[in-house]
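Below: one structure, written as structure tokens.
The letters A, B, C, D and E name the chains in turn, as written, and every chain counts its residues from 1.
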Amino acid sequence: MSALVLLSVLGVVLLYLGLFSGRGILAPVGILGLLAALVLFAADWHLESTLFGGLVIFDTYARSFSLVLVVVTVLLFLFGMDYYAKVRENVAEHYALMVFSLVGGVLICSFTNLVMLFLGIEILSIPLYILAGGKRDSFRSGEAAFKYFLQGAFASGFLLMGLALIYGATASFDLAAIEAWSAVTANGGNMLFLLGLFLTLAGLAFKVAAVPFHFWSPDVYEGAPTLITAFMSTVVKTAAFAAFYRFIANIQLPGAVENMLVVMTLFTLFLGNIVALRQTQFKRLMAYSSIAHTGFLLLAFLGTDGRTPDVLFYYLGTYALATVGLFIVLTLAKRAALGDENIRIFRGLFRRDPWIAIAAMLMLLSLAGIPLTAGFVAKYRVFVLGIANGFIWTTLFAVLMALVGIYYYILVIREAFTPQDQESKELAVAPINWLVISLCGAGVVALGVWPGLLRI
Amino acid sequence: MEQGIITAIRTVPLDHYVLLSFLLFSIGVAGVVFRRNTIIILMCVELMLNSVNLLLTAFSAYHSDPRAQVFVFFIMLVAAAEVTVGLSILVMMKRNVDSVDVNQLNRLKG
Amino acid sequence: MIAALLLLIPCISALALVILRPAQARPIALVSTLASLAVVVFAWISYTGGMVLHYDLDWMNAWGLRFVVGYDGVGLLMLILTAVVFPFIIGAGYGQQHDRPAIFNGLLLFTQTFLFGVFLAQNALLFYIFYELTLIPVFFVLLYWGGENRRNITVRFFIYTLLGGLSLLFGLVYLLIQSGGNGDFTALQALNIPGGTQVWLFWILFLAFAIKLPIFPFHSWQPETYYMAPLQGTMVLGAVMLKMGLFGVYKIVFPIVPLGVEHWQSTVILLALIGAVYAGIIAFRQSDFKRLVAFSSLSHVGVLCAGLFAWNTYGISGSLYQAFAHAILVVGMLYLVGAMQERVGSTDMNAMGGLKSSMPRLAALFLLVLVNAVALPLTQSFVGEWLMFAGLWQVDGWLTLLAVSTIVLGAVYMLYAYQRVMLGPDRANQQLPDATTRDHLYLVPLIAVTLILGVHPGPILELVDAPVLQLLSSLSVN
Amino acid sequence: MILASLRRKLSANVAGGLATALIAGSFVASVLLFMGFDPTSGGRTVKLLDWIDVGGMQIPLALRIDALSLTMMLIVTGIGSLIHLYSIGYMHDDERAPTFFAQLNLFSFAMLMLVMGSNFLITFIGWEGVGLCSYLLIGFWYKTPEYNYAARKAFVMNRIGDVGVVLAMVLLFQRFGTLEYASIMDMASGVNDPLLIAATLFLFIGATGKSAQIPLFTWLPDAMAGPTPVSALIHAATMVTAGIFLTVRSSVLFELAPFTKDIILWIGTATALLAASIGLFQNDIKKVLAYSTVSQLGYMFVALGLGSYSAAMFHVTTHAFFKALLFLGAGSVIHALGGEQDIRKMGGLKGHIKITYFTFLVGTAAIAGLPLLSGFFSKDLILAFAFQRSPVIFGLLLFGALLTTFYMFRLLFLVFYGTYRGKAHPHESPLTMTIPLMVLAVLSVVGGLLNLPHLFGGHEPMKHYLETAAAGIGYEHLELSALTEIILMGITTTLVGFVIYVAYGRFVKTTTLEGEEATMPVFKRLIAQRWRIDELYRALFEKPYAWLSTNLLAVAEKKVMVPLMNGVGDAAIRVGDVVRRVQTGNASFHLLAMLCGLILFLVITLMSN
Amino acid sequence: MLALFYLFAAISVISALVVVSARNPINSVIALIVCFLSIAGHYILLNAQFLAMVHVIVYTGAIMVLFLFVIMLLNLNKATEPMKSLATRIAAVTAGGLFFLTLAAAIRNGIQVQAANEFDAGVGLVRSVGHVLFTEFLLPFEVSSVLFLSAIIGVVMLAKKEKHQAEAPVEPLTEAERARRTA
């Protein structure tokens, strides 16, 4: 809890620092603050406590996810040191907004009350609407911000309607009460509850970019500044999934809603992977692949299995690790290619900088789910859950789609390991970036070999 | 007096409120999809939120539970924040493309 | 100890090569493979039968993945095969010019590590992990050192192979759930899966191996990949990696879905043999030496697979034995391809012909390799083929007829190839060097292995005999 | 044993001598074995090592010494020694002579393996081995593409036969669980199983390949591309008799399958006649002999088909003598003329190369079946058996014999009589070549004694000897009266004499040379063109095969299989392209699409509730 | 009572339709204000007096004014908006209509809601609402400051024209917000 306060204060402190002193110390202060928050989270590890009259609970689940969120944010701040080195405007605001968004993320990892869920999501999202438009002079950035905002607000409307209907049926916002209510009421018998559940899930599905609520994701990923894209695809996604699962974990889902989830999983898997096949812009590719990963994660939701949170946690953590690293590599290559984002900018990466290329390869392989990387273990566990919960055909489809996924990741690897046609500029790798990339690259392998390191 | 209020509330069946709310919500939804002027789209979003507020208040009255009203209060808060951000994004957009037409925003695609 | 050594020797050497990039990469790699060979030979000598288990470490026990390694006779045979073939594969590099030899050899050694892993694994998921891992170094070998159009072909190969791999993973996960989360082969083999399930599960599991081998309708990646790959890459693919397919069928498909095998047996045999005949016919008119080897390998593999699926002692033993012969053969043939390419500058047979005049010794060596290819008696291949035919006959006479017809087809295209490469009138001003010491050092041991094991196949057959009998008897009990 | 020393030896110029010494040594060894062998013991099996031993299949690498294998060993090593000796002279100028001898020795090894094997699989080792050596030796002069083609053709046709043998072995193994001759023959006695018909038919297919019978005979004339000693050893005396040998070896099985025997009989007859007819108009000295070999092999198969195995073996032996003699003689002629093989360019050579002429004359007389020569006895025995079976077959065979006589004497007359029509200066061959000729001539004359029939005071020693080895030989009985036999011999002899006279008139007195093929009458041209069987085969098999090969690659592989594989991937990508269009980039369209999706899902949910 | 409900309902629905269909944004704003007022009427009908007040103040008084302000600022007060293509409009209206129909169809058999508590006339009063807000829902209340802070930063960041002008307003607003938060 104190961590939450610390984080809120941290954002304000960063804003002040932006006014008074140089930009140089922003990131270090931010990182220090985050690390302090990390310590605070870790300090009362395994200490369950319900706070504020049962609005939030920092149980192991919430704490683990919060920890991942903070760690990833630290990595992103490290990246930011280089990323913002040449930017003059609004750096402090960017950092502060990220921290605020993180607060929202932490809140939705730990909510036990629908009011908190709603507020947390808004706190998570509103800074992001702004951050997506962070490059004020860039048309693409503006478009991204607007699309994100518009669709986000639209989806919020559905989410709210859902929450209202659930309240109408159960007369409570408290998760435990709703669970209890759902346990004693006949499945799907209550139409208000069913509709409410449906609309709430739709609103949450929007946040995790599940089909058909994914439309914002490719455009926003592409238009937003790279650092923000990385933030969205890691911190935001992780938090949103944590909230999603927290919401449905103990509610007795009516069969109809479960069917809906299955169909959504299938759609998401299909669209994300298939459309990614033809992407040439790396960020867009990552957006669609992120949709695809949403599909795999949704698969883990189906059915009830005590292992789901662990799988979710591992999957999201390793996914975030690989994604952060890749976005940094993208930034480096993009700089060398004068702002181009096509995947061909990776061409000859192995010749230009073997170590970066190998790290990038490891991260891509991890996303693709090749053995001995974390991505494999993650996918494997998802498949186990899928089949164990009886969704054999859905899992088979997911396996097929995993193959499609491998294809587009492999295309990127292929570029990196093909000698370039013409001379392109050398990569200028700042030591801090090198460090983060290496950490991520080594991380996905280490977690792939010792999966036990990352668990709730 | 109390009895009067109860009668007043109970004479209007809850279904009516739910339906009215759905109707307003749907109109808002249709408007969001229907209009090109972003500022009107924003207004339609407000309409959606308000229909939710109405619904919550109705439930609150039927459940005699003030929490829903508190939630409405928070929704208003968020709506205000959202509108501010939305309008400022709109201003930025107007500055960039000199238009508030949603269809102008179509460069990111595929 | 043996398992650890087998996994560590190539792996450490590979890491050393990739990280340190010494100038003398090839000798180091060669020494490493020879050391592995020594370890395997030691294992062979000290093998007394049964299952030798080495390690049983906790990994992800909760998820069915345990680090259990060991080998039985068949596994040992595969280890021997890998260990014997790899020095040759590395050695073949002496004729080749490579960009970044250290990394190249390092990747080859990684492949060897993972191959050992595949043959050692006693846990289905561990098997799967190694099985997929072998692809990674090969992928880079193909992508970086491959020939024309390598970018597309490599990706196609990778994806196609993974299609099978993922299907296998799905099947294994399914089985794992059935066995209550224990992924060891012993546990999976003890499952009694209902016949109806086995019928579809068979293809889920077999698809990976069908593509890896490859058998008929799944083969289309193979010729182009073999052709495009660098010589040593083709050797790895053809000599060892394809054997993973056979091993997988033996280790996973047979014991776990016997009813499925029973149901699909004749289909698979038919497909395999159609492929064998199909490839054999195509090989006849191939004008490129390397492609010809690719198609001939395809043809041989068809028979191998058919023999395996004869599903009796003779068929399985013959197929496994022939797997060894085929590995030696592929390496030998490809080395010759390389030797020719070195001299003539291309693998196109139209550019060859009449070479015997200037290189009689190499022609003689070629002929000796070829003798194995057409499975003349007293070569390794003959023993294998004879056993497979004997096994196949017990299944179906007509299929045997189809299988046996490949020995005619083989003779046709092999001799035609020999003629086109070596025989015929002298070509003007071709003073090409005859077989060098290196060529002799390379080919003579290969030929010796072929002949010795052709005359005295006992040691290898002994290894195979007991496990196969055990497998078959356990099935008949069930 | 002796075989170890016969392993492939490579040496320098002394290779010839060494090789000859080796094979002569093995001949001596064979003779010693023969001496020390007690026919009544029925044979010995010597196990060298376990070969294949897996899951109930035990196939040892073992040799069997009995009457049959000893007979063959004597032929192989004896004639082999002579031919080796001959080759020293013949191959004197060739720079690859050591290779030649090595391959020749390897052949001898394989052939011995073939005849000595104690089970089918060992025989098969030799069976394939001789095929390989035959391939190597036919294509010995590898620079000529036609020779290579001939070599390949020989090997492939043999291989087609081998398929039969493999299938037969598989079948027999399946039925009897072993491949040992002795065990199978024991078990097979009295078994009546249609399986045996199949097995014997398969064996016979193998035999047709190796022994050049219809339909697999066309390789043998082409095989004359090899050096002449090779033709003599492999393609006349030894390898081609492997089919006969195998049949005799498994005579018990054949006795149980009368259907197969009938097939053999008819195919043998047809081959004998067909080949003999072709021999009439050939102009290449070696080709004439080759067709004559095919024809004679046909006779042997007739004998087998008639169940008279000893007659077949007898004919094998005598044929080995005189055909080797003829081939070596032909080689000597070719040698004398510096490589000329066209008989139209020879003539009048009897003055130039006397020894060759004389020995050749003996050979020709023997093959024509002039009385008291070896061929007379062996062929007559077969004719007698044929008569016993059916006069029709007898008639056909007699006609064949007459044809043989005609073309052999045509050959003799055209080569040695008349005037010399060539350019090169003929010279007699060296001693190493003439000594074998003389030895073989003697053998050709006296070879008949080996199995002298009762009629001439003998008691068929060879038959009785062989009976100890192959039980099937015991079944045969010639039950013709002495008078019939004498009449038959009389008829034969008279007709042969008449034919010789005709040939003499035609070729010595007037020296009629055949004109160009184009000027011949249709039927004659057809025969001169070997019934166009090669062309038929080419059109029926080779061309379609090449077409198939080309098109399988061009159409099936490149147009179907590969596109199929790529097509799946392309289809996925194309689907991706289509689906991708949903992401139009238009914000309100996205909202609409989202809404539609939501409604769709809502409907799904409500429907499934 | 029912009559009142229908009256307000009719007003809100009609004005909502006007919002959606009006060409001129100003008309939309006016219609929306009417709509909000009618909703406030519903609140009073539902005995939520405090909420009705807040609603009028926040929405009609602040948010709608903000809208008007922006419309005037950006000079959007003309019916300049080109309408979408007919197909899109039909699709949009159909989709909206369908959505309503599905929702309505879902509850066609009536809704089963059981009143959770005994009736309490004071539920909608400031005392009751405020009590819940500052005890049970204190955290969200506090946390919403973060939300506002973000929104404010956003407004400043996005809407400011020039860097020099922009920096000034950041400070006081932030201060004000912090003051609110600590309160």
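Note that in this section a residue touches a chain if its C-beta (ideal position, glycine included) is under 8 Å from a C-beta of that chain, and two chains touch if they have at least 3 such contacts.
All values reported here derive from a predicted model rather than from experimental measurement.
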* Which number of steps is the smallest that gets you from subunit B over to subunit C via touching chains? -> 2
* Structure fact -> Chains adjacent to subunit A and to subunit E under the stated definition are B, D
* Asked: Greatest Cα-centroid separation from subunit A: which chain?
  -> D
* Asked: Quick one: which chain's Cα centre is the longest way from subunit E's?
  -> D
* So which chain ends up closest to the centre of the protein, judged by Cα positions averaged per chain? -> C
* Structure fact -> Heading the list of chain pairs by contact pairs is B-E
* Structure fact -> Note: subunit D sits from subunit C at a C-alpha centroid distance in Å of 37
* Structure fact -> Rounded to the nearest Å, the gap between Cα centres of subunit A and subunit B is 28
* For subunit B and subunit D, let me know how many angstrom lie between their CA-based centres, rounded off. => 98
* Taking each chain's centre as the mean position of its Cα atoms, how many Å separate subunit A from subunit D? -> 78
* Could you tell me which residues belong to subunit A and also touch two or more other chains? => 115, 119, 122, 126, 129-130, 133, 136, 145-147, 150, 154, 168, 171-172, 192, 194, 218-219, 407
* To do: Going through subunit C residue by residue, note those that touch at least 2 other chains and give them in order.
  => 159
* To do: Would you pick out the residues of subunit E that each touch at least 2 other chains?
  => 84, 92, 95-96, 99, 103, 106-107, 111, 113, 115-117, 136-137, 140, 144, 147, 150-151, 154, 158
* Can you name every pair of chains that touch? -> A-B, A-C, A-D, A-E, B-D, B-E, C-D, D-E
* What residues of subunit B sit close enough to touch subunit E in their complex? -> 1-2, 5-9, 11-12, 14-20, 22-31, 33-37, 39-40, 42-44, 46-47, 50, 53-54, 57-67, 69-70, 72-74, 76-85, 87-92, 94-95, 100-101, 103
* Interface residues, subunit E side, partner subunit B - complex -> 1-2, 5, 9, 12-13, 16-17, 19-20, 22, 25, 28-29, 32, 35-36, 39, 42-43, 45-48, 50-51, 54-55, 58-59, 62-63, 66-67, 70-71, 73-74, 76, 81-84, 89, 92-93, 95-97, 99-100, 103-104, 107, 110-111, 113, 115-121, 123-124, 128-129, 131-133, 136-137, 140, 144, 147-148, 150-152, 154-155, 158-159, 161
* **Residues of subunit C that touch subunit D when the two form their complex** => 156, 159-160, 217, 219-221, 223-224, 278, 281-286, 312-314, 317, 354, 356-357, 360, 367, 371, 376-378, 382-383, 386-387, 389-390, 393-394, 400-401, 404-405, 407-408, 411-412, 415-416, 419, 422-426, 455-458, 461-462, 464-465, 468-469
* Which residues of subunit E touch subunit D in their complex? -> 84, 88, 91-92, 95-96, 98-99, 102-103, 105-106
* Which of the residues in subunit E come into contact with subunit A in the complex? -> 103, 106-107, 109, 111-117, 135-140, 143-144, 146-147, 149-151, 153-154, 156-158, 163, 167, 170-171, 174, 178
